[in-house]
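Following this message is one structure expressed as structure tokens.
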Amino acid sequence: MPDIPQKARSFQTQVLVRFADCDPAGIVFYPRYLEMFNGLVEDWFRTELHSSFTEIVTNRGWGLPTVHLEVDFVAPSRFDEMLSATLTVRSLGTSSMGLDIVLLGPDNLHRVRGKVVLVFIDRAAHQAIPWPNDLRARILAFQASG
Amino acid sequence: MPDIPQKARSFQTQVLVRFADCDPAGIVFYPRYLEMFNGLVEDWFRTELHSSFTEIVTNRGWGLPTVHLEVDFVAPSRFDEMLSATLTVRSLGTSSMGLDIVLLGPDNLHRVRGKVVLVFIDRAAHQAIPWPNDLRARILAFQASG
Amino acid sequence: MPDIPQKARSFQTQVLVRFADCDPAGIVFYPRYLEMFNGLVEDWFRTELHSSFTEIVTNRGWGLPTVHLEVDFVAPSRFDEMLSATLTVRSLGTSSMGLDIVLLGPDNLHRVRGKVVLVFIDRAAHQAIPWPNDLRARILAFQASG
Amino acid sequence: MPDIPQKARSFQTQVLVRFADCDPAGIVFYPRYLEMFNGLVEDWFRTELHSSFTEIVTNRGWGLPTVHLEVDFVAPSRFDEMLSATLTVRSLGTSSMGLDIVLLGPDNLHRVRGKVVLVFIDRAAHQAIPWPNDLRARILAFQASG
């Protein structure tokens, strides 16, 4: 019996485009999309991975820097628009992970598609460290299996 | 006799890391690097291409959205550090261009390496339009030839 | 019979402190509180005054610049904290209004207290114009009477 | 012989309005003026007070939070405009100081006038501490005497 590819569990949320996010051309200033990406990862950690950034960065002395980024800005977004954000895990290494992030407009069309690579580090040493086992297990639930 | 690859003319400037750019981990919050990229492109247009963003966006009704981005965040930057930014033209199409951007730390090591694709548009129509001839000529001076 | 002071109707919402809002000292970078103020005014207009910023700024050519600001930063806020924001109307002029904004921490203590004055303008002329009657009526519902 | 009021020594610098600073109305989004204020204070500390924010915040464990703010946004600024910023010391307490900040447009007219109160703190204790003597002496040079 063939393997049935399992659909990845995804993390989804809504992001309202703020006046503060928009530039004189009336559309989202692209660095602000990356703030949205960061907010999405924060929300995912807090609500699904039971591990807030406060816990990670402030209390534990760990860090989670973004080391690589690839983004397609497919279509512009305007303020007051509610975007739908979806995050899935593309790959999980010893101390890194690759995420796919998609932002859709209210028209359900792609606005932004991104690939982000984050690395789990010890901040004092600024060195990659392995994911803690419980965190790794929770992240895996969001990865597609083939 | 073989072609001798010509070195691209590059645009260089300095960027001071501000308190405002840094996150609770004490390093540049990565979306702020993209603001630096945008500032670098602005400075290049104003000082070398004789074509300010005001002229382009406000007076002419054109736009210059970033449509694609690839960035490696190689090493963290801390506030009060002066970064050296270098911009070169990788490719120039009918209405797009690919830029290479590198930010070096005071230690001369790579902090951030990015590839950015910008498209020249008519904002009202939100449609790509060809580079004006004079602007194209000035951009070409910053492109390496093989 | 004495006038009985009526309690002002207030607009209340929650604001999550983001990693993006915090500085290397680990607390909210104060200009980001002002972004929260702006977001609060946006939310109030959209949900209670039936008049989105898109409608006002993009479609009608009006504007709502902040012309005066007084803020006390009473105590620091840290990231992942959920702040409670409250907005009331202190005064309503022909084309201006004064707002009181308070941000409370999860401990119910004051973090930030602000007074903001906004002016309703025609953007092309950059000149104050009277509030439209329907908007004025809806704003008045949020003002305390003596 | 009467006391002749001495003119305060002021700190002056230039601030370019960036695309990133502007909103869909095409003018500086007011929270970004406060980033400019913060940058101005940083520059003053680094260049005139011989005491960088890195030294203060990162190395010494001190802090310099803004606790009070009063700002008049007199006229809008547009991007690509070069603003002239001037900072003077209005008052100097045991562990606080009051600054006056003015931003002028290229037309030499007031764009923004602000009063800022900063407090010198020990960050771990989050408690006000007296200015170090050398720093106090250097700040005093920027205060008007009557």
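A, B, C and D are the chain letters, set down in written order, and residue numbers restart from 1 in every chain.
Note that a residue touches a chain if its C-beta (ideal position, glycine included) is under 8 Å from a C-beta of that chain, and two chains touch if they have at least 3 such contacts.
All figures in this text were calculated on a predicted structure; none of them were measured in a lab.
**Student:** Taking CA centroids for every chain, report which one is farthest away from chain C.
**Tutor:** So the farthest one, by centre of C-alpha atoms, is B.
**Student:** Can you tell me the C-alpha superposition angle of chain C onto chain D, nearest 5°?
**Tutor:** Fitting chain C to chain D on C-alpha positions yields an angle of 180 degrees.
**Student:** Quick check on chain A against chain B: do more than half of the interface residue numbers occur in both copies, making it same, or fewer, making it different?
**Tutor:** same
**Student:** If you average the Cα atoms of chain A and of chain B to get two centres, how far apart are those centres in Å?
**Tutor:** 25
**Student:** Based only on mean CA positions, could you tell me how far chain A sits from chain C in angstrom?
**Tutor:** One centre to the other, that is 30 Å.
**Student:** Give the residues of chain C touching no fewer than two other chains, as numbers and ranges.
**Tutor:** 19-20, 24, 26, 29, 31, 35, 38, 57-58, 79
**Student:** Under the definition above, what is the set of chain D residues touching chain A in their complex?
**Tutor:** 19-20, 22-24, 26, 29, 31, 79
**Student:** How about chain C: which of its residues touch chain D in the complex?
**Tutor:** 24-25, 27, 29-32, 34-35, 38, 57-58, 63, 65-74, 76, 123, 126
**Student:** Using the touch rule from the top, collect the residues of chain A that touch chain C in their complex.
**Tutor:** Of all residues in chain A, those touching chain C are 18-20, 26, 35, 38-39, 42, 46, 52-54, 57-58, 78-80.
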